[in-house]
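What follows is chain A paired twice: with chain B in the first complex and chain C in the second.
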Partner chain A sequence: MQAFKTALGVCLRHPVYLIVYVGLLSLMGLFMGQSLVAAPDEGEFSAARIPFTVVDRDDSRLSRAIGEFLAARGEWVEVADEQRALQDAVATGQVDYLLIVPEGFEEDFMAAARGSGVAPQLESVFSFQSSSAMLADTQVNQYLRLVGVTAALDLGASAAQAIASANEAAQESASVQVVNPPQLAVGADAFLFYLMWGSYPLTAAIVVSVGLLMGAFSRVDVRRRVLVSPVSALSLGMQKVAAGFVVTVAVWAFIIGLGLAAFRGSAACLPPGALALALIATFLYALTPLAIAFLLGQLGASEMVSNAVGNIVGMVFTFLGGAWVSISLLPASVQAVASFTPVYWLTNVLSSCSEAGGATDALWASALPSLGVLALFAVAIFVAALVGGRLRLQSSQAGGNAAAARSR
Partner chain B sequence: MSAIVEVNNLVKRYGDVMALDHFDLTIQPGEVFGLLGPNGSGKTTAINCILQLLTYDKGIIQLFGQPMTPTAYQLKRKIGVVPQNVALFEELTVQENIDFFCALYVADRKERRRLVEEAISFVGLEDYRKFRPRKLSGGLLRRLNIACGIAHCPSLAFFDEPTVAVDPQSRNAILEGIRLMNERGCTVVYTSHYMEEVEEICSRIMIMDRGRAVAVGTNAELKAMVGTGERIRAEVALLPDEVRRRIASLPHVRRIDYDGELLSVHCEQGAHNVGDVLGVLADASIAVGRLYSEPPTLNDVFLEITGKQLRD
Partner chain C sequence: MGTVFLGTLRMLVRERSLFVWALAFPLILSTIFMFMFDKIDEGTVFEPVATAVVADEAWGESGFSAVVDQLSQPGGDKLLDIREFASGEAARAALESGEVAGVLRVDAEGRPEVEVAPAVSLEGVAGLGDVNRSILETVATAYLQNARLIADLAAQNPLVFADLSAVEAAFSEEGYTKEVSLTRSAPRETVRFYYALFGMAALFGAQIAMYAICQTQPNLSPVGARRALGGLSRGRTLLVTVAASWLVSFACLAVAFAYVRLVVGVDFGNRDGAALLGMAAAALMACSVGCALGALPKVDMGGKAGLLTGGTCLLSLFAGLYGQPCMQLADEVARNFPLLASLNPAKAICDMFYSLYYYDGLAVFGEKLALLAATTAVLFAVAMVFMRRQRYASI
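For the complex of A and B:
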């Protein structure tokens, strides 16, 4: 048991890694997940109001009516009718929507509505930061269509009458009510996102921490000293793996516990079976970084190498696995490669959890292949580590026969 | 009394290179046995084969009268090893390092605590027990390395060049510690290419070269094996050829060297070699500065047997 205790001691003597990789990275996931938590349901809808300006070069009843129409839906900002001032207003975000009514607009518009002449165009500019501006432009065009239709239908109506009629019609609006989504699992997105994000801290923390403790025993001279002792290599190996497993469980438990505490409402949206599946999948995934750390230990990787591998592998796995960016947004070739990363299969399971209804039996049945692949990743790397360790035993780097031969 | 280490006909090859060439070794209980040889002579390879860290092509190795194998844990329990390179956990303190390596041999915690304390005081690290290795000097690190290897009170201890890159003070402490261990009943196998150390502490010495034992015996026995009895050195400013010839023709003189300042006369065992040489110089009215006589060294033994310097 001494090797087991010492291995854990070695890991604990590097608290900075645990703080950074487990603590800080998990907190980062926590903050990102919080952004997905839905705002409290107030049962009311209020339309967005945008800053806008109307440059009225026509100074007609219709141009003023357009201004009033927009004023009811946004905040009017006075901007001088100068090219530089207009450009600045949009570029600096002073206004999201800029509408220029050209001179003679009303006259040309009414004539066009009654079939003589071409309809004049309004000049509009939107801020690229606001899609509400585009919606406002659509509403202005709809309003003008109402004026145009009234003018076309009643050829004797003046512009003022057509505007009044259009204003009356524009008063009508659909009633909007916020309704809770029918599927409860939608509320679990924040927690599931946190779990997906968690694949990065899990990978980095386990690879680095377990890699360090494995590496401490793999230093050539320490290994040789232990080999001449009455402790069998099997016993020593088992104690090291057991210590690595304990670290893995601790890291997993901390990350999951933090997520459950922070997103308890979100996690509660999952049926118990789906929640259990999500946690088991995450744990199975954690065995892959454990196997990678074991491989690094067998190969005698240094602290720096463990750090590099933990971060690079963690980022590559997490990115390709679709935990940060939906895999469907990636090119087909990248998607093909992604299936060779364990996070891809973890994401599959977590995504299916988010779509789960009440029937978790079917969910489990569909997730089993992914769970199997996750376990296979860990087993395959673990076997590779055993083979690598065996080969290294005789290598010059490990001080085996080849080293002795080289020293001659 | 049966041998504590017995190696017969050990052969170890690295490709075409014969690292151990039908190597034989017998060490009796209570000895401080020195393995002396230049770098690459096979000392460390021999120890690594004995400890089963390396496989070998042929030969029989027995420790405590039983065959030594990689799984001979009962035998390994009685062995202590102090490797050439410092082998420690950087993350553990002095006390924790000794405790870990001691625990590989001693399961009982109380017993181990006592042994660890003994080992710490044995190597004089009482003031450094809470220090991590990176805070220790080279000499202190070597002492810690030794404590980790002998804390469990082995019956047989292997020291592989434990004084390499060590300051004279720590070196003396290490050698004194080895002597003390031996007095307490531990058989010691000590490898080095520092002949002075081996002469100082070893009761029996084996000189190795090219994987073979070229001579074995006590310090005196080894020196008796060779013709050189003593070396007389005299500082003389001028040495005419006639005088050189007269000295060379003296009885027991085997060879003389003169570099313009220092005259070296290599003699066989003789009752009054110094007097004879001085007499010739006095007859020729040659003023002598300092004059001294040296007994043969192990390097002389090695030189005479192999034709090359031990420290090549």
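For the complex of A and C:
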């Protein structure tokens, strides 16, 4: 048990890694998951509120009315009428839609509607969210159509009266019904997304922490002392693996606990069977970074290498798992590559949980192959680590049989 | 000095683990970004909304069907992509399967009705479902508003509709807006993630200078101990070490830049020379970070590496690297606490390339370069304070 205790002690003496990878990265997952906690529709439709701004250089009744019409449907963001501020607003997506009302617009618009002169045009600027901008632009055109038609047909109406008629008509709205597909676990997205993102802190934290623990035993002087001690290689290896397993369970429990606490409402939307399945799948996934860390330790990787491998593999896995962008949006070749990683199978299970609105027996039956593949990944890497460790022990560098053969 | 410079250079190049962070990391992550953002940039370009219509008898007789037909005509103004279904059940099945964003139908009185799917789903992390639903609602609402306006006008003055051609002309007026651009290059959501990636890559490159400085510290490495006994003064040793570290850092960033520019195809506003100058400044700043960390007394190399990794991850969060919510957070912080944001070197590097892409002049680029230079000077000064008159194994 001495090696087991020492191994855990090594981990605890490097709190920076645990704080950074478990604490900080999990908090980032919380933050991102929160952005998905848009209340589920529950049968009520709420329109997308597009962030926009109106640069009003006319300051007329009509220009103000356009702004008010858009503000009733979107989020008006105040932006200074200065070149750089306007550029930043569209370049950073602070607003999806920017409308510039030129001076004299109301006068020219009313005159054109009544048949004298050419209708003036407002300048619209689209940010990168073209669909959102298109929606706001459609709304502006609709409102101006209401005002223009009134002015064209009721020649006696003043600008104020035309605006009042348009506002009256704009009270109308279509009936919209939200259809919840029966198989969808509505509201569980935030928690499931957090679990998908959780593959990053799980991978990075476990690989780095357990890699550190394993690496501490790989130092030349420590290895020499351990090799002459009355502890068998098998016992030592099992104690190191046990310590790594304890670290893995602790990291998994912390990340899951944080998610359950922060997204308890979202997690409660899952049937108990689906929730248990999601947690078990995440745990089985966590065994893969444990096996990777064991492999790194067996190969004698340094702290810096463990750190790099944990971070990069974590990022790549999170990406391939669809936490950054939905896997269905990735090219077919990347999806094919993703199926050779454990995170793909984790995502499979989590996605099927999101569709578990009712019975979970069928869900478990369909998820079992994915759970099996997840476990197999860990077993395969673990076996590779054992073989790698054995070869390294026999290498000439380690002073094993190969060195003895060479010295002959 | 030349010999020490070459020796330091050789030592850094032979330490392969340094290149994992400084070179492999930006190459791997930019490749990931390339695949990841490919569809996102496509997705931000407006596509007509896939819509199911219930083409029953009432639909054929309603005026709304003519409006929908007009909005689904091929051309630049095409708003809807229509799929007709004979029954409401079939249309709803298409909605539930995700084939369409919504269902349009009319009731017995010819009033349009809309059915849509829930707004948020796992597939909708970067999705457009919410906007598409609203476009369908806007189409139906616009029809009702027009109908209401006609009814109101007719109630006030029935003679208004004596000339139907005038009514038709009034409603046929379209295009009250024209799209213009305010920026040097068209806004693209994804470019800033690559710029933030260079912020992170530059800071990870600080490992190089940190390692090199640790190799000059007699208490941290045997090489440092030997160098302390050498003929070259400590000041010159440090100068040469920083120069070699900068060269390696800059070379790594330059290779990553070439890859991102030529293979991934990221635009730096067609100002590649200025971008390379920015990379050189970022590499120098990274060296100053590495020196300051490397000079920290009583902290071993592993602890310093942990601090650098953790710090870089945190600073990259506020440069917006980890996805759209993070980018929004970084923008909020920069708008509300500009001084705090300017203290973040990862954000400064990201903004430097952003200014090349979006702004016409180079004034802002110059400001960001000056900011990086100031940060570099401060960090080198901090490193000097730690390194000056350090005593090893003193009695």
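Heads up, the rule we're going with is that the second predicted complex is superposed on the first by the 251 of 408 C-alpha atoms of A that agree within 3 Å, B and C clash if a C-alpha of one lies under 4 Å from a C-alpha of the other, contacts with A are read in each partner's own complex, and residues count from 1 in each chain.
Assume a residue touches a chain if its C-beta (ideal position, glycine included) is under 8 Å from a C-beta of that chain, and two chains touch if they have at least 3 such contacts.
None of the values given here were measured: they were computed from a predicted structure.
Peer 1: Per the contact definition in the header, classify A:H14: touching chain B only (first), chain C only (second), both, or neither.
Peer 2: In the superposition, A:H14 contacts both chain B and chain C.
Peer 1: Between chain B (first) and chain C (second), which does A:D221 come into contact with in this model arrangement: first, second, both, or neither?
Peer 2: first
Peer 1: Which one hits more chain A residues, chain B or chain C?
Peer 2: Counted on chain A, the partner with more touching residues turns out to be C.
Peer 1: Thinking of the overlay built on chain A, is A:L86 touched by chain B (first), by chain C (second), by both, or by neither?
Peer 2: second
Peer 1: Between chain B and chain C, whom does A:A308 touch in the aligned arrangement: first, second, both, or neither?
Peer 2: It touches chain C, and chain B stays clear.
Peer 1: Applying the touch criterion given at the start, work out whether A:D154 contacts chain B, chain C, both or neither, answering first, second, both or neither.
Peer 2: The answer is second: A:D154 touches chain C but not chain B.
Peer 1: I'd like to know which partner A:L386 touches here: chain B for first, chain C for second, both or neither.
Peer 2: Neither: A:L386 stays clear of chain B and chain C.
Peer 1: In the superposed arrangement, which partner chain does A:L330 touch: chain B (first), chain C (second), both, or neither?
Peer 2: second
Peer 1: Just to be sure I follow: which residues of chain A are touched by chain B in one complex and then by chain C in the other one?
Peer 2: 14
Peer 1: Taking the complex as given, what residues does chain A use to touch chain B?
Peer 2: Going by the criterion above, the answer is residues 2-3, 6, 9-10, 13-14, 216, 219-222, 224-232, 400-401, 404-405, 407-408.
Peer 1: Sort out for me which residues of chain A touch chain C in the complex.
Peer 2: 14, 16-17, 19-20, 24-25, 28, 31-32, 35-36, 38, 40-41, 45-48, 50, 83-84, 86-88, 90-94, 98-100, 113, 119, 121-135, 137-142, 144-146, 148-150, 152-154, 165-166, 168-182, 184, 186, 189, 192-193, 196, 302-305, 307-309, 311-312, 315-316, 319, 322, 324-326, 328-331, 334, 350-351, 354
Peer 1: For chain C, which residues are in contact with chain A within the complex?
Peer 2: 17, 20-21, 24-25, 28-29, 32, 35-40, 43-47, 79, 92, 95-96, 111-128, 130-138, 140-149, 152-153, 156-157, 160-161, 166-167, 169-171, 173-183, 187-189, 192, 207, 302-303, 305-307, 309-310, 313-314, 317, 322-323, 325-329, 331, 335, 354, 358-359, 364
Peer 1: Which part of chain B faces chain A closely enough to touch in the complex?
Peer 2: That would be residues 14-15, 17, 19, 40, 44-45, 48, 51-55, 71, 73-74, 76-77, 79, 81, 83, 85-92, 96, 99-101, 103-105, 148-149 of chain B.
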